[in-house]
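Just so it is clear, A, B, C and D label the chains in written order, and each chain counts residues from 1 on its own.
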């Protein structure tokens, strides 16, 4: 079980391996004959680091179809979400202290919003429909004069549901409300055109798209009224929005990751769709099995299924050597059923039986077949082991 | 000039190359057959990441002689400084709103302190003596009932001066004042024993000690009253002090960096001392040359020299292909003379002629000899090019 | 320091669960509490528990504990069931404290089984 | 996009500075302003500037601009010095705006040199 040789990794929504080309690009920036210089230095070595970083910014900007100077490097989507939410809220305090979000957002969004609540802001937490989707009319009804910010994620990390950020953004523009999108799960996987989209702030992170952990970015639209106050203060890097020595190897890694994603995302999407469809076809006839999300319209990298009358933790152990998640990776250390699935209206019992299979570039059809067999056998075995309800 | 082949890098105080062993350890955590899993995941792959991170924490803890759970991973010393200063100040607001620091601190300390000033805190900015050293009596005189925090760096990044953190800390303890130390320049280079030192908070970063950029740590003493409020909110990682997916490869890199430093720091120190002494012996007879700092008692990795009647920017260009710094890397993009050297009492003219030579493991005596020759020739040439004062 | 929430013993007991199942013509005790459901089946001959089986719905520690109990108590005196305590299992299986409530459901089930089989043999 | 603050031309002019130095028995104009010091030396024969030399204390752009001026104006009419403007050099050397004040010191020095040599030849 603990022999890694046997592991089948199906938790790409939690994190991904780093593409070998990306590792190579990063290594070149670290070693003694590389460009390890501090990009804040004015000498030739420092300037070379600056050029590498500018190149990487161009790669990420190209993936998102935006200008390089709309991007601020951060340590990941968690920091980007915090900078977007706390940074805007304080900057726009005069505009109003009402913020709208959803109950199904990632903790990296809900926790800074709760922090705002502790500081006198009011947050309206919208519920999704049973598939996880936000009804635009629900949002319209919640909009107020003093709504300064709406934060809705693109692809949900537990269910894969894709929100209609185009329509949500359009509604925000009508109301002079800023729109923040956590795109940690969609960046590099779904087309994102920031020149066309009515989005003001977008959080992205490299480690969900075959890049390194610990590097992310925040897109800040070059539009009147869009600005964030920094959370960190220091050497003045990145126009004072986010100081600290720029981690050149991480940034160059993210840039290379973006370039690869741009050329591969269509193929990836087809690959993931085939895997997800194969998996679902292989288990959908199990009595009591249901999808959390929407197989037809969700992001195909994620398939989240619950099954009646099965204890989730035992299911997870029975599935080894399959590496999958219950709920989100971030909350899976607690025994509580996922708050995201509860918001979809799942009972505690169904929610806690949920398993998130998430697929990636390295996943094969053979891996999926093993997963199908393991899932069927495990459900079967645990059901046989369980006493009847009326026992 | 721009051909890297010829460059001689003498800016190790700005950043260092990454040790090849460290790069190897990091690579192993990124690729598909490595341990790229999200350490928040409960499955076998995630648990393995957790173990790697725990091992790295042990390595850094051992270098600093502290317990692993006193360390919080951050994105670098800038974030550590901010977390220490903003995090404590708000937590201890009731204790008093007076903070003491020095004019010679890094921007990563002075900028968050200025932010505190904007929020009603009072900061006393102490001046050093002419070598950069803090007189303990100056500190004693500034201490007040309501002084809740003192922040003084260990080794100054521009001059290499070493503050007596043992005595400063002892004075802070007498006054029930927390003591934060920015040890970005000393960690892994000078002995630091956190079990013995009266230090409550210490910032460290990997990229000044042959580790990767973008990873640091904050030491938070396990002592009553020592606590920081988080700056970021999210998935609950690191006991909620600093959330976000732990960047396993960066942390493992920092751990390996610490282990290597532990075994090498004595040799490094001897090596740096020989280089610094050689350099100083080679230029000290130039008329009008002075040291900023203290050759006898400073950290030998840094030699900062000013020279009369020389324009600093032209000197820097004349020194190419030598990569050295004027002032600190972080402020060197501005044309202003270093505020650190001004605080030492240097005139604007002397301060702006300052060149910081900083040496590292890869620096050779031959490199130093080239630097000596370049420096002598450049000063000579620029002096010949300059009109007489009374022209 | 291992971050694995399951000891090797728990993993082995959970994976095999050789005593999982039902016994016909046997005494049976069933308890449901703390979100855990346990049924125990026992055959007793001359005051000796000859066979034990369990059914369980719960986390791996619950299933492992039920299995461990069955393996250990086959062949013991029926009256021993009345004295059964989970504290030994809690230790040997390294059950985390927050799960102790669930494991106590096994204790209830075993004692209830004990009363049934001892009561039955008294007749 | 290059982050190098110096163009190749500035680097070359600064490195060579072939016209750095003094001329004996020549006209000389010296200006000190904006933290910059420039001295210019010229010999003029029949209204033509035959030789130019400079001394300068300042940033690389100042030194490069002084060198470029000398190289360009050797052989020109002395009266041209009176019309000298740095705007061409500002462009060709890509001088950053924040440094324009310093480069204007060169303009002052050249014009002052012009008045001296033209005044001298008028006698």
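Simple rule for what comes next: contacts are C-beta pairs under 8 Å (C-beta built on N, C-alpha and C of every residue); 3 or more make two chains touch, one makes a residue touch a chain.
All of these numbers come straight from a predicted model, not from anything done at the bench.
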Taking each chain's C-alpha mean as its centre, the one farthest from subunit C: D
Distance from subunit D to subunit C - Cα centre to Cα centre, in angstrom: 97
Inter-centroid spacing, subunit C versus subunit B (mean Cα positions, whole Å): 59
Averaged-CA centre spacing for the pair subunit C and subunit A, given as whole angstrom: 43
Centre-to-centre distance between subunit B and subunit A (centres being mean Cα positions), rounded to whole Å: 34
Shared-contact residues (touching 2 or more other chains) in subunit C: 4
Residues of subunit A touching at least two other chains: 1-2, 42, 44
In contact (per the touch rule at the top): chain pairs: A-B, A-C, A-D, B-C, B-D
List of subunit D residues in touch with subunit B within their complex: 4, 6, 11, 14, 17, 20-21, 30, 32, 37-39, 55-60, 63, 98
Subunit B to subunit C touching residues, read off their complex: 42, 44, 47, 50-51, 54
Contacting residues of subunit B [partner subunit D, same complex]: 1-2, 309, 311, 313-314, 317-318, 335, 382, 384-387, 391
Contact set on subunit D toward subunit A in their complex: 1-5
Contact set on subunit B toward subunit A in their complex: 1-2, 4, 7, 9, 11, 14-18, 20, 22-23, 27, 30-32, 34, 36-38, 40-46, 48, 75-79, 81-82, 106-108, 111-112, 114-115, 205, 207, 212-215, 231-237, 243-250, 316, 320-326, 329-333, 362
